[in-house]
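The structure under discussion appears below in the form of structure tokens.
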């Protein structure tokens, strides 16, 4: 389908003034098949988007509105929800009932098991029936399910990098699933725009720390997907860290190999697994990902090293947490749901340097 | 003209592996009317572009070549020259003689007066006759001349921000031209990719300094353009500083007002002056530019404050030094020279945050 | 006097958990003549200092307390006040009445003229009588007054850098006082630890902006001091900017020279003016300050350039906003008030890189 | 021993103009028991130290000299060698023969086994006999040996953080030594001041990458020390990464626990192990190290988490790579060798923020 033949779908963003919200606005504002119709915001209702984000001056004329759910559903074909966990359920429920397509960027529909959700997120789930209908929005694994879905649970940023890095290994039985360690490092935009001491410039700049050690909420999401790939329960050690950069997640993943294999053989396996995927780049042997190579793009870069001395494989993946880790992947999902070219509004290399 | 109707011009970049070179590659690789045919490089001849810049992996299949000038001219319609000053003259000369369009991103054709060039750049000028034929590539002031030119001297990064900030004031006689002070701050990419202690991470990070005080080579270029606007010789104090960021120049410009005027009246004057210009945003009163709002874009943001106590106007402008300050403006010039839409490959807001 | 002969004075900090407060704690905790006795805090009362600032773990055993003014005065010989403007007056008043020495790091006693204070700070001044008794705590200009004072108004960070940079010129009539422009750039710690969008990492990092243009509250303070030096009213243009670094202020100051003079002659004048000052370094000709050279120290670096083409001098000064611009200078003042060596707890070069 | 009773030893630095060299100069210039007598430099011979590092202006009057080994040995009591690997051997050999004390900050004497050295560093070792005499300069493990040694091999930066983090676990048999994974992240100063694309500001800033995966030369050093602690051969996966900060290493270490144990019990074990050590802080439960808490100090912070779900312990350690990871630890070793207080010139908390 040519760009010019695309029928424009009407798109709204619920929670448009957070970082994932404004990233959706940026991407969608140059989408040839989408028209932004409504942006809702709790904090800045009544103010034009460019007053909240002056870089949008002359690019976005919309005004942030308080959420009026019936009107929103009425006017939209596709609804993106960029709200904190626990707040997406009512919006998604009504929108799906109203026959609209929904991509939820929060955590409310990612975990298939309600009890796991409630144990890790400490809130009750108000729409268990929707969990079954929701597709897990990682197109590289679930493209067909996404294409048919009316509700897509957009993956978390850390799970996107970790699962894409491990999928070929687990699917092909190349590692011992009990030995997986995921050491991940994220830029600060992953913490959102809300104010906290943890995102104060002086506390982050020239600093580096681990956080949420052995307790981060993305752990069960990672384990759910790795278990599906392995065909058996998988438990992982997952440690996120805070990098003094705006964007990007680099994940360094360790696992014991099931048997002797060369780096070249593993890379060949990855290249087969991801053949035809527009947003995964398996890098040539000897080149490992760097976050700057993917910042601002929807690409996930993957590189490998084999450590013969220890019998382990080290997988390194890099994504932009706001693009492939959030808003870009959400638009990729919309593209699949609406029959647009999968890379519409998402193509192109990163800004360098 | 529709994008799809554009006839593709064949484009080459001489000096493609510096930061301005690779930025040209990034922009041109998504230009609907241009096809990259040759990339030359002194340091990396024989290597694919993505080996030098891995972020281009899967986006650019070209290999860097040693400069073969006759072949280059033969195969190209438009030639961008991204070489250090003094090296552009022979390339430009032959290319123009060969009937090709040339945009030079260096300093060799910016100064109309050969002696001024030789005094500040300490090299002899080998093609004085070309100086007259070269258009100064600031489209907001010289669009028609650029459209007719076969050789365009792309402005320096600092002059772009300074001249756009002062043009409406000088053109309308609103300030005393003898009182102009330009305090400018640039990101590190302006210094290029060549290795030097001054761009070592540890020397720049958490640091800030002035450099080239009362001696920077962009001074005569700024003065040439301000003098043309004022219709009389203008001398300025210009102080560049090095910011610990990758991209962006913020210029804070001071001048004594010729008479009483409000900020609103001045802004009105700016809005008239820049009406219809696709890449200048005159910001609303009370909002002053920030470099993050323009980083990655071809936009020049302008904001004003009037200081009643001192009778001075303070003009603040922001550009991305590699885009509007170099490669983006070069493509803007090519668009004008070739009859493409002026914003082809250059539209869109910045990545934020 | 030898370090070991110093009699320990009892020192308290009112407002110890802001950045200037904790910097006082750091400096005073290694002061051979001072003993920290009380730290007050509004936000963290009842918590040990190292719980609020874990880098102090094993270095500071004190617990933050709510302010109990009579007890504080009773137990302290010297009281540092690190509170927002408007809050220092009652503390300073009682402490001075109680016969204690006070150094106020806020703005409440800096401006000699109550009406100027009230016009710029928008609050009423509750202790005009104290304004006359307060010494302006810039030791390089007022050492003897400080030595006799019981109340010292510690200068603002921007005024410290600007006034030290201009004092020799104005005192010696070398410039036209009507042409002074101060373009200053500060690290983020100058904005304090309070949460605001303006100090969110993602909003500051890779960004740069001017703020408070033609309206910053340090303007009247700078003008007061420059007027005293010039012996006539001086008005300046002062523009602060926000640098994406933790610490440091670099000020670039412009003024028209009163007559022909060489850079060497000006430097000689500066060297005479600052002879014997332990915390001012007049740099050799050709070397201009960089903030990294003074970060973490109480030093003010000064460098000069003369622009023969425009008849202007450009003065560049660098300080650490939290040390010479706040807590270090406050301890320097205490040292003078108590008869300690002026550099006690303040000597030594910066950490580099 | 009181500071004032210390007899001053004459100290020289071979290779004084690299980052570890200048850090030695900074620390030693405030050491009450040491007098700097000679600084050698290959690149800057004949220039005063402050010309190379202007932050030392007024603090260091010494001039860098070409290495004249006999004269250096004649005039020095203690010699620090801060040269690239392979270059220390001749200097150390003669100095030790001349009866002087030597601390080598390079890699030449760290590995006890010559063949391991030659396999990883690809150079022949010219003084195998010295390997036996050299003490491994990690005072927390080898204080007595260091006190008696005339040649101390100062540990690598990564090994310092990794070994201190694992020592109590291995010594007490609390983990399975075959499961150790060390994921370390270092600031850029660890790469030195030499120019390379890998330390260009624009390539590092806003970026993050792994390097030397499964091949970094600190691996055999870490394994040597862990093997001594475990009493059996230990092999580890060690992955260094490059952080966009100047200083600091944070190491995240994973290992499978040998049996059930609580975090509190482990912390108790660490506190016993490091009781009385002046430069190790075992943080309270629930607090994990951040590099900013130790930057500029000789402290190693250690924090722990136990992951009950996976049966692993996660140890996080933080050091300043130039202080505890290099020059500070070297001075700590000198203090032990010379009978000075171990923390002379090394005490005090970090600069924050």
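By written order: A, B, C and D. Residues from 1 in each chain.
Criterion: a residue touches a chain if its C-beta (ideal position, glycine included) is under 8 Å from a C-beta of that chain, and two chains touch if they have at least 3 such contacts.
Values in this document were obtained by computation on a predicted structure and should not be read as measured data.
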From chain B, the most remote chain by mean C-alpha position: D
Pair joined by more contacting C-beta pairs (A-C or A-B): A-B
Whole-Å gap separating chain A and chain D, where each centre is the average of the chain's CA atoms: 40
Between chain A and chain C, centroid-to-centroid distance (C-alpha), Å: 46
Distance between the centres, which are taken as Cα means, of chain B and chain A, whole angstrom: 36
Per-residue overlap in chain C, given as positions that touch at least 2 other chains: 19, 189, 202, 205-206, 244-247, 290, 292, 295, 353
Chain A residues touching chain D - in the complex, by the definition given at the top: 179, 181, 183, 185, 202-203, 205-211, 213-214, 235-237, 239, 241, 243-248, 250, 252, 254, 288-292, 295, 305-310, 312, 314, 316, 353
Contact footprint of chain C on chain D as seen in their complex: 4, 19, 22, 26, 29-30, 53-60, 189, 206, 246-247, 281, 283-284, 287, 290, 292-296, 347-353
Chain D residues touching chain B - in the complex, by the definition given at the top: 19, 188-189, 193, 195-197, 199-202, 204-206, 244-246
